[in-house]
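First chain written, first letter: the chains are A, B, C and D, and each begins at residue 1.
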Amino acid sequence: MTVRVGVIGTGMIGRDHTRRLQQVLAGAHVVALADYSFDAARAAQADLAPEATVYATGEELIAAADVDAILVTSTGSTHEAYVLAAIAAGKPCFCEKPLATTAEGAKRIVDAEVAHGTRLVQVGFMRRYDAGYRMLKEVVDTQIGTPLMVHAAHRNPSVPEAYLTPMAIHDTLIHEIDVLRWLLDDDYVSAQVVFPRASSKAHAKLRDPQVVLLETAKGVRIDVEVFVNCTYGYDIQCQVVGEEGLANLPEPMAITKRLGAELKNDILTDWKDRFVASYDVELKDFIAAAQAGTASGPSAWDGYVAAITSDACVTAQDNEGTIIPITLPTRPALYN
Amino acid sequence: MTVRVGVIGTGMIGRDHTRRLQQVLAGAHVVALADYSFDAARAAQADLAPEATVYATGEELIAAADVDAILVTSTGSTHEAYVLAAIAAGKPCFCEKPLATTAEGAKRIVDAEVAHGTRLVQVGFMRRYDAGYRMLKEVVDTQIGTPLMVHAAHRNPSVPEAYLTPMAIHDTLIHEIDVLRWLLDDDYVSAQVVFPRASSKAHAKLRDPQVVLLETAKGVRIDVEVFVNCTYGYDIQCQVVGEEGLANLPEPMAITKRLGAELKNDILTDWKDRFVASYDVELKDFIAAAQAGTASGPSAWDGYVAAITSDACVTAQDNEGTIIPITLPTRPALYN
Amino acid sequence: MTVRVGVIGTGMIGRDHTRRLQQVLAGAHVVALADYSFDAARAAQADLAPEATVYATGEELIAAADVDAILVTSTGSTHEAYVLAAIAAGKPCFCEKPLATTAEGAKRIVDAEVAHGTRLVQVGFMRRYDAGYRMLKEVVDTQIGTPLMVHAAHRNPSVPEAYLTPMAIHDTLIHEIDVLRWLLDDDYVSAQVVFPRASSKAHAKLRDPQVVLLETAKGVRIDVEVFVNCTYGYDIQCQVVGEEGLANLPEPMAITKRLGAELKNDILTDWKDRFVASYDVELKDFIAAAQAGTASGPSAWDGYVAAITSDACVTAQDNEGTIIPITLPTRPALYN
Amino acid sequence: MTVRVGVIGTGMIGRDHTRRLQQVLAGAHVVALADYSFDAARAAQADLAPEATVYATGEELIAAADVDAILVTSTGSTHEAYVLAAIAAGKPCFCEKPLATTAEGAKRIVDAEVAHGTRLVQVGFMRRYDAGYRMLKEVVDTQIGTPLMVHAAHRNPSVPEAYLTPMAIHDTLIHEIDVLRWLLDDDYVSAQVVFPRASSKAHAKLRDPQVVLLETAKGVRIDVEVFVNCTYGYDIQCQVVGEEGLANLPEPMAITKRLGAELKNDILTDWKDRFVASYDVELKDFIAAAQAGTASGPSAWDGYVAAITSDACVTAQDNEGTIIPITLPTRPALYN
């Protein structure tokens, strides 16, 4: 069965996912498009999905009888309403992060999905689909003994002026928050943030770098360096220390060269290249589940927990050095 | 346009490619199947392509009006006839290696395609589609100066009793023969083989390892270690030495571990895992070209040259230490 | 000029240093030995320095007219008195760590040396003489911009029952405390300790692993994993993150192997092998300075600061999660 | 016992070895110096060995009653005569390579030493004392099974105009010729040379790079890339392939950095830095043997075999592609 997909939001990521469904992946076709800019939706139609219908609103698209499943790739503040509408229509829905702009909004989605009774929502935490993280999880689960610590780093070469201190949590650390929970099969119980001497490359309204210390329910201690003006590259590091050994996230594939008195390989500088293959895999997973009328992968619950944890981390930023407790509601049975 | 593909040969590789077209890649559907075992073709139909028609012969499949393009994945000795039939029908044809079992057979295909006037044949030299080789080619072309030497190795953990000395060329070195020509944009002018002390792991009828020395028209000297009972893993190495520096084929992605007094990562042991991603890419390329009624990638000419070179290498095995000249016919304009 | 050295304490390390001076390094001879076990001193004489005089006490050895310089390698609780006696005698003195068992004792040595007016004391912080740390310091000083963070780890395969929680500071972290001050040319202003879930390999009276967080006067944030039952090896890691890039302490030299489906190299398991070459270098430095009647390298002040910092870290262990301030006295001009 | 050493030849290497004996290593003193330039010998005396006597000729130095052992570091053409004189005097003698400028000359030394009846000569093949090669030998001997192949490279950034094609053997490959025999405990039976396309960086009278193929008595096949204008660095590579696995010579210790979109470490460019530590070790070995009135390490026989092998390689250069047999005389019992 070919899944007939409607895409809401035809900006960069919406177009990119449309291209995936049309040109790369088997099993789905884009039959509907919507954007707050009707012209943008028309352009996406012309370029990528000539047979798709363009709808004036996301709500109409969700309601369309020939749309089996929804991709929400619109601006973040609109996600909650579209996802709730998809759940109301009983249609599988892939939602780019954030699931909602507040923890309360995410909770409303969780409640709606629980009321619906089966999973319909997949959140776009693509790192869970990255081949490197998947290999790492396999090794962590089977070879290094009980995990005790994680040393991680999330480094960007630079960020624009509009990137302020809390965005280091909401836009950057959010990926580690989700993927480390998944990697460890664990939840967070506290967060602490300390600020090293600020890099002179960071603008005045951003404290950069930051060190975020997380503690999990099982007692794992995590340190994450968040450094968004590191200048040298886009670099994601993750080392898990278990009772019997260590395992590291692989570096991206690169050509080792000997040139000019150096042994070296390139480091990526554009975040879009780092996990590009995982977008294919997450949508493949979405298609497969949607063919069965449901969703799998990162859930609305995961989106909700990420929102709660992010909020605690921002509180920790505002209270440097203080350990901020994180309390989660009871996990509904739907998400076990 | 969705390409309607007919698959001749539904053994392991034929089924695997059918799965790719049906479940992984956008742009094609398998509409026809044939195998010398009708039951095998039926089983593939049942498992992977319920809507496909099963034909009694490859010739009927090629002739079928609703078949746009052909995959030849049958046993090697049948390739030549099917490819010639596909050319006669004017249909794009992907042929697993070998293109033919003799250089003369490959030449007949080249002649037929040249007579047809446009490319229709893609040979299954998948390494050209491997991400690592592609990155290596980019670096070789732009960063290390004129290539002067290549140091390569092709190692298998072990081979069965049926694997005899010449198969180290026809079944193993054949991949380096093709991919190094492509990597260097060059042709071979001589071959020499020397045999180190034989490994005690090799059976009596196989001289293993072997060192093959190739010389190219541009003067590049290539040494390839072929060691098919190396025991430790399936390991493909390629280092290009240019006037200004070196570049190495990347190792497959792996998790670096610290365990039991060792810093280590796994090496693959099954050849099927090493280039698995490249099969997707080569078929994607085939689909794209077939949509335009033609073929791209490794050509019938490449298959022909590989056959001539292989024959010279086997002669070099039979005359250890002697440098055997390799003379190629003039390349038809179709392949420039 | 050959320096005539007296060695106080002929246990394992005392004998090893005696061997160095007698058999490895140019410029010094051991002319005097003492140990609380006269028999042990006699044995060292017989094995390593037949022409040396054995003294009944360290005090007599220090006073001997033909002794130019002193090595204090006796048990830790005796260090302070011998070093003070050496200063009183105006003789250069190399003292294995700890300089004294308390910060107050270290301060008495500092005061005595300041009163003497020139440096006479070198403390056995041998990592400053390790080729890897020296290369790292060169890179940190010149290539990666202002240091902002350090990620470090100190891992031992296992420790005996007698090793209790505070020893993770006094016996283990003490090396990072000294070498990171030197590496960064900085001092500590606070310490925090958090305890991950304890490894099941650790005995009941030891909290293992530990994460120690240090803050420096210049604002560098340091995290040190101390894990003394890591099982897999003796492993010292140090990564410095600067404004423009990162630098890592090199791994010990090792043979990379491909064996048994693994690409690997050995990790050391015995701490004595890790910095063995640096003992030669530190004594070479001591000899060179002693020839001029003075001392260089890690000073009494460094020993004192290490003691103060260690005390703060133990307080931080006793108050998990609390940031403990570290206040240093003014540095005497002698140590600038 | 302190060995009293006389140094003949006070150029760069002679001065450097004098410095080692005077300032670095225990167990020896330089008591005599000679050079064809008396002023040069005087200058070395003034700078490094004020208490040494300067002799007008090497012969007088060798004859001096207070000289226990000789270092021959004069120009190559004078080595044979000095070494023969040292043997005649019954004094241990360290001779920098070449032992003699011809195989016949080396044979005369072997004959003289055999007639003397005990070893007196150590040749300056310092790689045997390199920590990396020693670790490699340990692994080759114990972990990877019977050696079958060696892949090696000897690369220099550039050479002067005076460096001609045969020097790639006599001055460069000579190190691999010796160290691989020692590593494999084997001898050569044939040599072949092929020339890749010449690097445009090489001057007109030098064919560069070269590939030298050696075969040993035990059947090991060795390929050595000699590339003396590789531009990027001084780089020595050695990989041994055994029946059960591979082992690689370690890279020199270096700081891994992440800087400017690259993960990298420096490669050495000056050959003098690559094996600098091994000079200390070879002279330590010489001192220890000289204290017992004999010599160990690389022998006159090793020097002779290296000369025979080099001559065959030059013949192979002159007959590109031809396999040149290498026949060695019977090894005298003294060298077993």
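One rule holds for everything that comes next: a residue touches a chain if its C-beta (ideal position, glycine included) is under 8 Å from a C-beta of that chain, and two chains touch if they have at least 3 such contacts.
Just so it is clear, the structure is predicted and the values come from calculations on it, not from any experiment.
*Asks:* Relative to subunit D, which chain's C-alpha centre is the most remote?
*Replies:* Chain A.
*Asks:* Compute the distance, rounded to whole Å, between the mean C-alpha positions of subunit B and subunit D.
*Replies:* Chain centroid spacing, subunit B to subunit D, equals 45 Å.
*Asks:* So how far apart, in whole Å, are subunit B and subunit C when each is placed at the average of its C-alpha atoms?
*Replies:* 59
*Asks:* Could you list which residues of subunit B touch at least two other chains?
*Replies:* 231-232, 244-246, 254, 258-260
*Asks:* Based on which chains touch which, is the overall arrangement a line, ring, star, complete graph, or other?
*Replies:* complete
*Asks:* What part of subunit D is in contact with subunit C in the complex they form?
*Replies:* Listed in rising order, the residues are 21-27, 131-132, 135-136, 138-139, 143-144, 244-250, 253-260.
*Asks:* Over in the complex, which subunit D residues touch subunit A? Could you list them?
*Replies:* It is residues 157, 231-233, 235, 251, 254, 258-269 of subunit D that touch subunit A.
*Asks:* Under the stated contact criterion, what part of subunit D meets subunit B in this complex?
*Replies:* 146, 148-149, 151, 192, 194-201, 209, 211, 213, 215, 218-221, 223, 225, 227, 230-232, 241, 243-246, 321, 323
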